[in-house]
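Here subunit A shows up in two complexes: once beside subunit B, once beside subunit C.
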Partner chain A sequence: MPFLSGRKLRRGGTRGNPLRVPWIVAFPSLAFTIAIHFLPVVVGLWYAFTDWDGLSPNANWIGLANFRTIFAHPATRSALWNTLLITGVFVVAVNVAGLALAVALNRSVKSRHVLRSLFFLPFVLMPLASGYIWRYIFDYTGVLNRFLQVVGLEEWVRPWFADPSTVLWTIVVVLIWQYSGLAMVFYLAGLQGVSDELWEAAAIDGASTWMRFRRITVPLLAPAFTVSLVFTTITGFRLFDQIIALTGGGPVYASETLATQVWKQSFVNGNFGLGSALALMLTGLIVVVAVTQLVVLGRREAAAA
Partner chain B sequence: MGVVTLGSLGAWTLARSGSRLSTGLYMLFVIGIIMPLELGIIPLYAAMRHLGLVGTAHGMILLNVGHYMPLSVFFYASFVRALPKEYEEAARVDGASLFRTFVRVVFPMLRPVHGSVAVVIGLITWNEFFLPLIFLAGSDTQTLPLGVYAFVGEFSAQWTLIFAAVTISIVPVLAFFLFAQRQLIHGFAGGIRG
Partner chain C sequence: MLKKHFFLGLLAAVLVVAACSGNESDGSGETTVVRFQAQSSLQAGYDAVIEQFEEANPGIEIESSYSPNETYPSVLRTQLQGGSGPDVFFTYPSSSDPHGVRLLADAGYLEDLTGREWEPRIMESAKPQVTFDGRVYGWVPGAIVAGLGYNTELLSSELGLQIPRTFDDLLSMCETIASEGKIPIAYQAGALAYNMLPINGTALSTVFYGEPRWQEQRLAGEVSFASTPGWRVAVQRVLDMQNAGCFQQGAAGASSEEAFSLVADGEAVMTWLPTSAWSVIEGLNPDIKLGQMPVPGTTEEDTVAYFAPNTAISVNADSNVKEAALEFLDYTASEEVADQLAEDILVLSAEQLSGKGLPPTIASGYANVFEDPDKVILGLQWGWNPDLTQTMETLIQGLISGQKTVDDVLTEMDQAWDANPPEPPPQ
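Let's turn to the complex of A and B:
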């Protein structure tokens, strides 16, 4: 994964090469990226320290007041905590599941193509729509509770999404269902690079299956780890559609996330300054965590290569 | 469409210009992928409202092209780097202009990537809920996720009706998936081989 290795890019041409393309040719794509990504972010950065309501012509600088509000208000404080918790559990669980699926389906099982498609399918479905299906399953009068009653586990019956103690875990279950297929595809692509000869050679040298997995497969999967971890982390932090479909952020604030609060504070409550401050927090989290992952995992990739 | 054309053009330039600048610009695009849009969304909303683009299909398209540009540049860049340079050399030696070289030689050679980029980004856009919710909610221009959302709001707990809406939104994707699953899976896996 050449996320951080600029050297690879430069190899494409040398100075004075007639193949050099003037950088102005990249201008349209660059202009779009700057207009949609970078310019608004700079402005948003400023809004985060103001009390702008979205309508009045001027916004007043109020310093760090928005951030104090975030930590003081139960909705936003809960959103920050939930986002961290969901992301942490989700990233670990989904990557373990994805890696297990990939290893299992990399062998020449007859039905492997069908199974791969089947596991990948949840990812392509509209998160909002599949979220509603899950809400039906976990509803108090829904499929799961009815099933539990039939098999005699009445004491397990509960309002999965309406109980603050179960709501986050139920959401994580849905997320794992949705994204392990994607993680699987990342790891499968990585496993293509693991040659059978290497495995056989190690086996002849007397390495156990676990040793071979640990010493051959894992290092060669380094690029896949990078992509999968960074992608699932960003997905976890930005969690929005699924929350809206499954719980709407409730009960009370038990399943609010930073993204749902950005939307609610800005576009429902008209508090654009506070919304920007929340968005800044979300951005900061993602940038810090993703860059750390890229640097640390990039170093591991280099060590494995 | 816009993403395919401009994205491939941008990536080609970056991969071939071979200067220090291109490395920096490439990093800019990578940052664009990582950075979430939430922070920029409010100024964007204000700007688009000012330009009268909120609630219009045009505005939404512009927004999406910009939003997924870094991702497409990233996809293309990894493929352009793997292309043999000899074809371009030959074309240039034969007197083809820069523009002709791109249209006649480079663009066709990137065919597998066009498929992946179009399929992957098309799918993400189809399912996208956050952006349309903000920029199209309450207007006459609706996307499917918005429709489903409004529908559920109106008929809460009437599960048979909700499932009808959910089915409508899922069936096209299912059909599409059966048809294009190879390209889709390759597309998502594509980021790794770079």
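Let's turn to the complex of A and C:
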């Protein structure tokens, strides 16, 4: 395979630096990726500044009016706040649960391989399908309320999805169930890199279990934290399937997220321009938060190394 | 060796893709595949017709798919916008939904069906709703009647109750049913679209029966929701039903599946129901005997029926198999098949809407209402736009969940109307 030999590559335009990108070779796939993934997004940006209804042939330029609507309309304003709230709670809860599971199932438990599979299983299920299953559990006449009645906790029975004060937290419970297994896998992978010798040495020096976890395990898990936090943050911002299956965004916008509003405004209400503006805002949020996380956590990783 | 396997795999993949796409050959000639899409509640009726059509037309295969009633409009609209719409599909004879005929025709998605054999048989009240710029874009199989669907045996035989003839009778009946440990009305307020049924049930009687031109007056700025006493009464009555214990706990978040299951299982007596969705409950409990009744007015005199020609069938303007698609549409609209379908999917003809030959299950619930044409009223969202319809649906849900008051509903409807007024009704 002389074509791929290092010598050929150097001659083929990398000018003596083997790490340099061979642009001629990369160009076709790069152009393809840009055309398929990025061009439609850029074209879509334009719609965010128009009043296009998604059907008619004409769209009028209306400047920033759609963005003003986002902050003025109760549905979109609520969606923005709910997205930030759900993402914040979800990221913290799912990572705490995932880390706890990973530490618990890393070594000592005998049936750990079976348990790891069981905890990871919810992540493999389709979010929409599992959402409908959870709907049957949390419905007023569903399994949970019937169970509470049977065990004598009638005062805890409530319409979980119909009450604006409980609906978001009910959704968060489903999300923790679905994604804790994934966070667990990230942390388990990280824990494989923590050598037993370090723990043993610290134990001989008299460090408590908590001190060893805090001073040895956590710093060495820095790369796993980066991956898990960034991934779960992006997942939190993009929540859609579970909300549609569980509540449809109700009651009265109490569980709307930016993603559900993007879809509703674009395809249900016929406000494609507003939907595009919401999508642009969502993309901006994800980019800003994810890049900030990467920079901050990257520094932590460097410090830990 | 690896290379050989790779190419064999590639070859197999190409063959599979080739076999799955385009026209299929059955050895005796080409088979044209027509993709047909409708709401789930219509499946039983259309599956039978498709089988008959395919038997009569061996060269055409109908590939049908059905979506739940609540999500159907957005599914169809998403497909059309993405360029992957079905060849023949159900649309909505108005502009109030995302799959409204007039909206889709205006955007060029629908085939012009003017002059087809069945055009003169479209019911008069539905004609303006499927006509755009003087051209016809859909066949209307009939009209649904919507109101309170009820379990006839549970109501009459087990509980010994009569159909309520006044609104106060309905409230007392709710209390009686609740005292027997049953749910009077299983309300699916979590399925937004169903929130139009209770408000239609009350407002058609308190607003539109007395003033059929209210919508035109609102467009002219002569009246508003908040300034119309009938609207206040209509919204208050939905709340009155809630306060009288008519609805189950958690109604604001209940799905249509949950509400229909409660009726099918005999736990609830009534639910908000269009006749076209009876099949869903009958599918859950084949032994159930359903009936339909209106929300009674203040007296028997101002009790009205809410009807809606709420389904039309249209053909995709960009279909690659247009001839076959039109052939299928013409078949479903042919007199004999249309009558059979109307019976199966429980839609009524114009003649039935005027009281002649009304199915007994509906006639018994409505007393003499259908004999007076002024009392058979088109649903109030006809002529609205999707934004306005969804605002009303959300506000009524909020009324049930306690997030909105009667004043909030009226004020916010006025705000929504002023921000995005509907187009004047088609002439």
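Structural remarks
Going forward, the second predicted complex is superposed on the first by the 274 of 305 C-alpha atoms of A that agree within 3 Å, B and C clash if a C-alpha of one lies under 4 Å from a C-alpha of the other, contacts with A are read in each partner's own complex, and residues count from 1 in each chain.
Here is the rule we use: contacts are C-beta pairs under 8 Å (C-beta built on N, C-alpha and C of every residue); 3 or more make two chains touch, one makes a residue touch a chain.
For clarity, every value in this text was computed on a predicted model and none was experimentally measured.
Look at A:92: by the touch rule set out above, it reaches neither subunit B nor subunit C. Put subunit B and subunit C next to each other and count what each touches on subunit A; the higher total goes to B. Of the two partner chains, subunit C is the only one that A:161 touches; subunit B does not reach it. Judged by the touch definition given at the top, the superposed model places A:140 against subunit C, while subunit B stays out of reach. In the superposition on chain A, A:254 makes contact with subunit C only, not with subunit B.
When the two complexes are overlaid on their common chain A, residue A:271 makes contact with subunit C while staying clear of subunit B. With both structures placed on the common chain, the touch criterion links A:230 to subunit B but leaves subunit C unconnected.
Applying the stated contact rule after C-alpha superposition, one finds that A:116 touches subunit B and leaves subunit C untouched.
Legend: residue contacts after superposition of the two complexes on their common chain; A:263 is shown touching both subunit B and subunit C. Within subunit A, the residues touched by subunit B in the first complex and by subunit C in the second are 54, 263, 267.
Those residues of subunit A that touch subunit B in the shared complex are 1-3, 6, 8-15, 17-23, 25-26, 28-30, 32-33, 35-41, 43-45, 47-48, 54, 116-117, 120-121, 124-130, 132-133, 136, 182, 185-186, 188-190, 223-224, 227, 230, 234, 237-238, 240-241, 244-245, 258-259, 262-263, 266-267, 272, 275-276, 278-280, 282-283, 286-287, 290-291. Contact residues on subunit C toward subunit A in their complex (touch as defined above): 70, 73-74, 77-78, 81, 98, 103-104, 106-109, 189-192, 248-255, 258, 262, 267, 385-387, 390, 394-395, 397-398, 400-401, 403-404. Subunit A meets subunit C in the complex at residues 54-57, 75, 135, 139-141, 158-164, 167, 247-248, 250-254, 263-264, 267-271. Of all the residues in subunit B, the ones that touch subunit A in their complex are 6-7, 9-23, 25-30, 32, 34-47, 63, 65-67, 69-70, 73, 77-78, 80-81, 85, 88-89, 92, 98, 102, 123, 126-127, 129-130, 133-134, 137, 144-145, 148-149, 152, 159, 162-163, 165-166, 169-170, 173-174, 176-177, 181, 184-185, 188-189, 191-194.
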